[in-house]
Amino acid sequence: MEFSFDLLLEAVVFGVLLGCFYAAVSIGLSVSFGLLDVPHVAHPALIVFGSYCTWFVARYGLDPILAGVVLMPLFFLLGVAIYRFYYETFEKRGTEAGVRGIAFFFGVALIIEVGLILIFGVDQRTVEAAYIGKSLELGDMRIPLRFLVAFGVAVVLMAGLTLYLAKTFTGRAIKAVAQDEPALRLMGADPVRIKQWAFGIATATASLAGALLIVIGPVDPGLDRTYIGRTFSVVVLAGLGSMTGTLAAGLILGITESIVLMQFGASWAPAVAFGLLLLVLGVRPQGLFGR
Amino acid sequence: MKFWISCAIALGGAIALAAILKNEYFFFAGYTVLMFIVLATAWNILGGYAGYVNFGTPAFFGLGAYTAAVLFKAFELPLALQIVAAATMSGLLGLGAGLLTLRLRGIFFAIATIALVVIMETLFINWRYAGGATGLQLLRPPPTAPFESYIKMLFVVMAALAVIAVAIARYIETSWLGRGLRAIRDSEEAAEASGVPTLKLKVFACTVSGALMGVAGAPMPMYLSFIEPASTFNLNYAIGALASPMIGGTAHYIGPVLGAILLASFQQIVTVTISNEVNVLVVGVMLVVFVVAAPDGILGLLKKIPWKRS
Amino acid sequence: MISRRTMLAVASSITLAVFSGISLAQGPVKVGMSMPQTGSLGAGGKAALLALQIWVEDVNKRGGLLGRKVDFIVYDDQTNPALTPSIYTKLLDVDKVDLLIAPYGTVPTAPIMPLVKQRGLLLMGNFSFQANRAVRHDMWFNNAPWNDARSWSQGFFEAAEKLGGAKTIAFLAADQEFAQNLANGAKQIAKSKDLKTVYEQNYPPATVDFSSMIRAVRAAKPDIVYVMSYPNDSVAIIRAVNEIGVGSQVKLFGGGMVGLQFTPIMESLGHLLNGIVNYNSYVPGVKYPGIEEFLKRYSERAAKEKVDPLGFYLPPFNYAIGQILEQAVAATKSLDHKTLAAWLHKNEVNTIVGPIRWDANGEWENPRVIMAQFRGVADKNVEQFRQPSKQVVLFPPQFKTGEVMGPFEKVRK
């Protein structure tokens, strides 16, 4: 296949749109793993769960993105519950968040995945909306609207979260707990409650991310396995704890994947995220903006 | 001495069953149980003894399976040589992966092992000779004497491999290697400080672990007469290999055996009687329950019972 | 001393058994298979399953096979090729079935071919394409109206010739057994017709987004686009073509897209189908003896069971599998696989999809794949497909109802 500049341009544009989407999907993990050090392998599974919840609610006529937003408070509570359980069982007992913590979350991810299969079956699910199926014509390029909508919502989500962490009191407390927990304790704040709150927020983003996921394409219960690679790749490349880094890393992943897809075909694309991850771990483990 | 007698009894039992039982499905299911004994024992060498949680079981298992399949397709290599080749290839993968990733701490190592699985799967999806994503159909050769059925032969072969795997694990556990690995698991910094060659030990454990997983995978293409990437590199193998020692107990070589027998037998029964999905669900739930409530596994629970001494 | 009461009880139960027509000594005849009821082929599999269940009821009303009731054992293989070897081993060793039917589809069937060959078993094929090519089992009999890639592609390439001036071709094929079998054959035919391949791509079966591939197809500017895909990908490809466009110079699009024959998919794609030239096994208007009466009975049952209400593509051919087994067993008075296979190789069988005779590979000696173009299809309307005009038959000549129209994007407007 000959190399074409037009195709490259289109690939980059798609890569940017997709990259923002990947960043939005990973931002929850940036908080739970990047800031709180929780080995949250089940984050992609929660996102897929969010997709199915969106699908379920959207069947009653609600726009899928709106459905994702509406579900956020419920997911927040779910996140708080999960963290509370994790804290009581693992962190409090002083076990290093290593062997057992990871195994625990892996088990949770598995239970969510199989639970979805038992309830909904293995078939793909899609949603319908006014912007799904149409595209925008930009010169010679035609960009499907669903990508543009996902891109827009992703940007809003990330901007919102970054502002929250930087400007509000609780937001800054979350960053403080990540940087220096003993100091925070000395100042009289309860780090556990703050971490709980943070984990809840991270899980709430999974709800909206799930809505975006099902807008972009069909979902099936096994999709979380594809996204473990992408989300951890983004978070590690960003550098643990950096929100702006997440956006940059997402864009890098999106564009790289898009170009590999164009040049080498769809059979190599799954390896891009993980290849990038291994590269970062080998060359610069602290990522782009790591602490 | 007691250990070797038990091994002989186990192997003898397997051969006796092959001679007596007629229903092939028993051997079909039993093969899977024995395979998980090997996988769990192999996993435990790095995961249990050294404390490095490895999700990459499917990468080593799959590489072993594909090595056997490709060598069979190209040269009609007999099973024994397929197994040796698989051990070599997966051992090399363990060596390489170990050198690259064992410098990373805890969760990063775990994620890197998942990366390994996806990369291996992608490599085989793109290799047309090995069947690509379509897969490869394989016609089994006739079973070697005195076996009349290929499945029975594979069953006995896997029983032998299980015995070998457990023997190797036992050797490592009771030797200075085991002491070094335990030191790493308890506190890697302290071990480093007291002169334990941590990286060398970890890489060694990873190599042996990988080789044994490859060995478990080698007979798989002949078992199914078919091989394709998605099911061969499936993360479900990672979960089974990890859950069995967690359930049985990671400190002693019998733990993985116990866990594998319990888990795999249960899975086979549930799959036949209820459904495949419920069986995966049960594994997930059991994993979570044991990790939360009984971190030392069944062996740990047994130790806690105050056995009466008369 | 046996009491009179006991004697009476024994005598009456023997009499009862003899007169109920069921053989006490041997029990029912077990017919076993796995059918994809979920996953990519699930929608088609459910319809096919209903047809087979109707046959089982019909044959039992007629007294069963060899006077014994037929028991039908089915598992769901989820269109997953990794599950079928263990399912069929279970059918053979745990359920101990007497007769085997293959799962619907090439992908779930390929893995069990070595198994049935090595155990010397009769296997009734179920709409798979060239599944027996590598293994060459002599006890395989397919129910599908195609034989090799030529039999499938001939109509497609002829349509291209009718449109005139086609010089270049693009291939988009899933990396799985069906699509690769078809692609290999089609590429050879294209070469023999001096068509230049300007784009070819094999994609992993789990691919969900085709934007990048359709963009690349458009950039390559082919005259013909030959697609070999399974239902999930077929739908995703058509949606991507709708969003991104495949280029105004494309004359012909389609060929080997599975799933565009399933009613739920036809209904949900609606007008997006227009212009596509694709294969089929049966469309309304084609005259086979007994098929319209079967479809009526099927439709009534399907409405109750909430399955594909039209049932054009698979159900008649699955009912035919039952008919084939019934006739072979009745003629040979045996359930022995070798005997049945020998009879099937020598004899022609009459079914509701016409007379069938098999070649040495177990495929139809007289293939009759239909190539049809979708025209004037509206959205969200199932009943419209009962009209022959919605799928204009271009090939084979004995069923032809119209001429192909192009270029592709013009016909879609």
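The first chain written gets the first letter, and so on, giving A, B and C; residue counts start at 1 in each chain.
Following the convention adopted for this analysis, contacts are C-beta pairs under 8 Å (C-beta built on N, C-alpha and C of every residue); 3 or more make two chains touch, one makes a residue touch a chain.
The structure presented is a predicted model; accordingly, all values stated were derived computationally and were not measured.
Asks: Using only Cα atoms to place each chain's centre, name the chain farthest from chain B.
Replies: So the chain farthest away from chain B turns out to be C.
Asks: Pick out whichever of the two, B-C or A-B, is joined by more C-beta pairs in contact.
Replies: If we tally the C-beta pairs in contact for A-B and B-C, the bigger total goes to A-B.
Asks: With chain centres defined as C-alpha means, what is the inter-centre distance between chain B and chain C in Å?
Replies: Using C-alpha averages as centres, the distance is 39 Å.
Asks: Mind checking the centre-to-centre distance between chain A and chain B? Centres are C-alpha means, answer in whole Å.
Replies: 32
Asks: Spell out, as numbers or ranges, the residues of chain A touching 2 or more other chains.
Replies: Touching at least two other chains: 267, 270.
Asks: Two-or-more-chain contact residues of chain B, please, as numbers and ranges.
Replies: Those would be 125, 132-133.
Asks: Hey, what residues on chain C touch two or more of the other chains?
Replies: 175, 202, 204
Asks: Applying the document's contact rule, which stretches of chain A touch chain C when the two form their complex?
Replies: Contacts found on chain A: 1, 4, 6-7, 10-11, 14, 121-124, 133-135, 142, 144, 147, 216-218, 258, 261-262, 265-267, 270.
Asks: Across the complex, what residues on chain A touch chain B?
Replies: 33, 39, 41, 89, 95-104, 106-108, 110-111, 114-115, 117-118, 225, 228-229, 232, 236, 267-268, 270-271, 273-275, 277-278, 281-282, 285
Asks: What residues of chain C sit close enough to touch chain A in their complex?
Replies: So the residues of chain C touching chain A come out as 38-39, 42, 78, 175, 199, 201-204, 207-209, 211-213, 215-216, 219-220, 232, 236, 239, 242-245.
Asks: How about chain B: which of its residues touch chain C in the complex?
Replies: Where chain B meets chain C, its residues are 23-25, 28, 125, 132-135, 137-140, 224-226, 228, 230-231, 234, 272, 276.
Asks: Which of the residues in chain B end up touching chain A in this complex?
Replies: Per the touch definition, chain B meets chain A at residues 47, 51, 53, 55, 100-101, 104-108, 110-112, 114-115, 118-119, 121-123, 125-126, 132-133, 235, 239, 242-243, 246, 277-278, 280-281, 283-285, 287-288, 291-292, 295.
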